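Structure, as structure tokens:
Chain nomenclature is as follows: A, B, C, D and E, assigned in order of appearance, with residue numbering initiated at 1 for each chain independently.
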């Protein structure tokens, strides 16, 4: 446990001492819940269509694959025309592109960011590394299977996949969403304990609440 | 009637009698002395009684039974009676005070004391020159003896230096007397006065020698090192006598001599006097020893009286009233202060902090200082008023200016001393416990207040001590032992009752100010319920301020206006001084306020043309060449109170360091006094031109600059209360700007600011004060996230800043709307640019205020903070309600004022039909705005609640942090140096130029005082040389003139 | 342009080992541990090698040694020199300290922190040397030591996806591109 | 004659003052002051002196009726007497001071007593 | 009280038209900006999709009451601003709620939304929000100044503060527009306009690369949807003021659409050409270039 997260005694302005427990006092401890779809199928359909056509990617380049996302913004590929854009904050994003290898250290940040994205949210694993470790299959510090830790909607193979492959992957993701199968966030909530156990097995210094709202 | 000669006879007889007693009969000797002094006092008192009541006339007592010049005659007139009473009482009280010392020293000391008193009386009574000399010599010898009463070894040297000086004086005096006699053939003063032509012609030098010798006995600055040494080292009781009794006697002697010299010598007296007044006060700035400081002050006060004596040609028969007022105030105060210094162990000024915890002594201290400075209701005030009015009427402006400057210096060091005594860490040495000594001091206090009453009764301007508000305030002195709750209730009831009582007499303008000051004051006083205990000193000060405000509003003549102004200044000074670390700020407040007050006084003096009963309405009739100067003086005076830029440096500290419930008083209410003054001024005088410059244009610029600088400075403060204080400067700048526009809407806007600023600034100060109280800090960056813990305070601040920023739909917008309509008809446009830019800057500090306190990250140590106390929150909530009501129906307050202003500016009145207020240019419907905004807001809110009803409430660290998590609240709360980029862009405008300017002036004064006072080398011979040099210089100047 | 003159000059003052010239502007010298600091100072202040390019280590497990390499760069002369210091491996593992040079180049602190984490070479004086650098909560022996089996560790820790085939890239591409075997 | 007395008086005053202001020794200062006092007294007497007149004693030699023409002005003489008495008193006091001062600091140098200044 | 209730549906109609126009317009502007970069850019209906998506997000969080109310304040500011200014000159139907106040009301109501938003963002406790707000406020102090001066000049010119009357005074030919009768004031105001549109070079408030997105960092889902709606309405409401003051107002919807489009285009064109200013740079820029124009405008007015 990091020192700043440990319980501490502080003296209030009135001179009375009391205990502060950062994890309890500073963080919301509620676990994630399964969020039901809209009451009406038609509305949920509309929503799914809109979700599919409005993919906001969290601008978090986790590995070398991030370099392959830049061309998507350029005139040559111009992903914007597909309703795809990059947002700087997880709160406003619904698509997390894990761009390449994921070290254990980065995984912790990825989990935080993923959990801060609002439901429904989608994960695309980009490149071989996210699938089976790729060229880092024997690394002491790189995870080999992303779906052990996060629900993944689409994997895009390659080392690295070309931007065209990414676009194809996004189109595939759109199909999944439109079909109402992009329920990764709810899966995560359902199998929360399993995911947490996996995460904690590789992340040894777990210095955050179990769910990062 | 007992003949006055018995005063001398009793004194002398008792002294001889004591000489006959045996050494062991100390109590007997002491008893005889006291009895003699009491008897002497009684005789004087009976003469005062008879002469003052008009039954008797001045009586000449002929010794040897023949008329002068064949025998010595004494005279007992009213002045003589008063002075001998003063001398004898001082002697008596000092004897009481000196009981222990006198017991130890024995009968010789007692006899010397009696001789001293008797001889001082003799100086006053005698009309014979040589007799005068004899009495002076007796005083000198007695002084030489009494100096040795002191335990201070250094007194020995001081006494010797004194004797050396007095030897030189003797030589001069005797030579002068003999030649004067030679020229006139008489030694009788009145006889010589008749023959004064002869004196001037043949015996000019002789008179000069006599006159200068008497003046030297007054210890004139700067030939007075010997006297200062005595003041510093002698027993305080003796210093009291020296300062009060012998100086008064010597002054009277000088006055008598001036009878001989005639009007040609008056300027000499004035010159020496005023030089001494300013010079000694300047030197006193650098003093750290209390008694030496008092010595300098004595020298200064005597100089002032001498200057007044020199103005006898101008003052006519009022000169006794004036000189007497100043002299008696000085004597009582100085005696009292010297006696008080005997209770204090240490000799540093800061050692007077031992007085803390002795409210009665503090009260005495404060009374004495007020007496010395000439604050109302003490005699010096009335005297100064008449003096200054007379000087102004005659155009003796240089003298007037010097007197006011000297008085300001004096007030500066006296109040600095008072502040140090009250606020420095309490000295460990206890205050001497003697009840005798205290009784003596308190009798001086009583005498001071009594003199105040008498002078008030004698003054043509009416007695301030009969003014109901002032009496009400003073009554709280008697109520001090009661608890806060009772006193607070009395205060609130009193203020509301006075408001209701005077309600019918107000015109709409006065009504608004009265409502803000009295009702508003009562409202703020609600917050004072939260304090515990007795809160000694708070209520008299606060009520003095409110009394001043109440009297200010209804004042019709310049005198009562000025008296009210001074009262509220003193009251607020004491209030501000109560703050924890407010000592330097209270001092700078006092110095600026008194400086401003003196400018106002000078302005009135110029305007009055010598009429002490000058009315405010008379300002309108002031003629052209002086009118703009009057305007300028008064305007600057009033602007020190509104803290216009350049004169603002006192405000931030004073407001910020004041107590929680005092800050809103001094900010929300006190500042309005300045605005009221400006209103009165502009109503009476309109706009004036000086060298072709329209003075109101100048005010426009000052107002605009104040708005800009105030707002800008506020944006860069870390201390919440300082932020609010700077914001007040800005807000007052707006109001000043509105006034200076000299059109209908400008004035209306200024009034709107009066109301608005009172409400939201009081509310914000209370709220921030409550937060500071709970969190134990005023630094905003140490707070944060308090919204959930202190929701009501948050609401108050929220409403306050919305109102203040002028965002619709709250009332601040009304002010902005009127402002825009007003500037459309203003002739002068450039300063508006500054106003335009300062508007958005207000957002900077307002957002900072609410964000860094209530939003952002809650700190560890504040997690258990509670809402502010009920009594702090209650007035805030009332203010909130009032703001909302005022936002909806501003017409309630403004409509009548609008009509009233039409008297002065008929064009541009607003239309008040229906719900919409119309101007010549636009329209504004507060209720419609409120409804439209309300409906839109409510619908959108309902929609959001519908779509977002399941939102998960999260805690403060549940923020996206670039994949990381916050470290600690302190590192996550963005608050310190909030507007760093802004500082980069415009920070050059926040350079404290004004502060540096005033600091340079103060430093210059101090440095020169410190350098020049080295003139007093401490060597008795040097002193004697200086004395002779003084004589030569005066003679050369005199003949050169 | 060769490093020989410099080497000769250094040799006159310091008991240093042989010069290994890799390129005309890059050479390595093996230095006794005690001479390191003096030599670094000399190179920095007298010879113009003002820039510490890197500080790294090699695990010569067969020779039971750790090699520290201090690579310095001379901007004016556009040349690099590497100083090799050999440390006894076993002693280092058991905690023998190495002298820190963060006072010569502040950046060295970062390298030393990395070496501490990855090789377990301790630089006790270096600021923050014991804080986590890349690995958070590492529990095994330092992973850059050659006696640490990363594949085994990875397989045990990271739940490898079954069905993975590994090929020699050269062989694989040859087979792909020239299926005839030409 | 009167002028000689008066001149002598003024010379004595000046000598006395000069002596008092230049001598550092306290005793010398006191002596100087007595010289000055003597000078003053001399001047006073000289002012009152009228040539050819007699002492202001009204007896057989000077009848009351002629007194105004025959006697010199008695007032300055009375003054001188008083002044001498007072002068003696002051001198005594100063000498007492001198004694005490010497006791306190074992010196009679006036410039040694500068504890109080500024 | 004689309130004509029919004003409410009329106002809603205005709101509907303006909101939709705003959604389309911002998308078109984005497309134009994309074309400058030789991209296709987003589809014109993309804003609607984003809006629906944001409403369709299932989970949301709240940091507290002010956080919750922030977007409400924001949108109230936008809608209110629209309501307080007559949209179509001479039309009773589209004069909205302008009976409540004149030009000054509109000028000050601009701050209502910003203030509420700043407070909401503040309660999120995110340092970037506060940094963004400080930048925004700092920039506004300088950026608003030329506009205020220009408004004053125009009000003096027409001797009224009523928007309707100002528009009326500009009728009867293009040369009667303030643009031609008082060009210096318009120039000052248009420079100020650049600063108020949150586009380059004056968009350091949002600065996505530095302080993720400034004040709205913590906002998402339906909060964001409200704010997006405001992003559509608010600029148009502001442009309506500019149009009425300087460009002769609009007597019909087509003219309205055209003028708003063109005025909006000014800021877009400048935005795609210039890079971003830091706050102190933009303050200096406004003080050096725009404010003197405003000063000249009021001096000669």
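One rule holds for everything that comes next: a residue touches a chain if its C-beta (ideal position, glycine included) is under 8 Å from a C-beta of that chain, and two chains touch if they have at least 3 such contacts.
In this text, all values refer to a predicted model and were calculated from it rather than measured experimentally.
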- Can you give the shortest number of steps from chain A to chain C, where adjacent chains in the path must touch? 1
- Query: How short can a chain-to-chain path be from chain C to chain E, counted in steps between touching chains?
  - Reply: 2
- Note to self: most contacts are between B-E
- Chain whose averaged C-alpha position falls nearest the assembly-wide average: B
- Item | Taking each chain's C-alpha mean as its centre, the one farthest from chain A | D
- Where the CA atoms of chain B average out and where those of chain D average out, how many Å apart are those spots? 50
- Could you state the distance in Å from the CA-based centre of chain A to that of chain D? 112
- Item | Rounded Å distance, chain B centre to chain E centre (Cα mean) | 53
- Query: Roughly how far is chain C from chain D, going centre to centre by Cα mean, in whole Å?
  - Reply: 107
- Message: For chain A, give me the residues that contact two or more of the other chains.
- Response: 28, 89, 91, 213
- Message: Where in chain C do residues touch at least two different other chains?
- Response: none
- Taking each residue of chain B in turn, which ones touch at least two of the other chains? 952-954, 956-958, 960
- Task: Report the complete set of touching chain pairs.
- Result: A-B, A-C, A-E, B-D, B-E
- Note on the structure: Seen from chain B, its contact residues with chain E in the complex are 785, 787-788, 798, 802, 805-808, 813, 816-817, 820-821, 823-824, 829-830, 832-833, 836-837, 839-841, 843-844, 847, 850-851, 855-857, 915-916, 919, 921-925, 928-929, 932-933, 936-937, 940-941, 944, 947-948, 950-954, 956-962, 972-975, 978-982, 984-986
- Task: Flag every residue of chain C that touches chain A in the complex, lowest number first.
- Result: 132, 134-140, 143, 148, 150-151, 153-155, 157-161, 164, 166
- Query: Which residues, counting only chain A, touch chain B once they are in their complex?
  - Reply: 4, 8, 10-14, 16, 18, 20, 22, 25-28, 30, 60, 89-91, 109-110, 112-113, 116, 207-208, 212-213
- Note on the structure: Per the touch rule above, chain A residues touching chain E in the complex are 28, 32, 35-38, 46-48, 50-51, 53-54, 56, 74-75, 78, 80-81, 83, 85, 87-89, 91-92, 94, 118-120, 185, 213
- Note on the structure: Listed in rising order, chain B residues that touch chain D in their complex are 130, 133-134, 137, 140-141, 144-145, 148, 153-154, 156-161, 163-164, 166-168, 170-171, 174-175, 177-179, 181-182, 187, 225, 228-229, 232-233, 286, 1013-1014, 1016-1021, 1024-1025, 1028
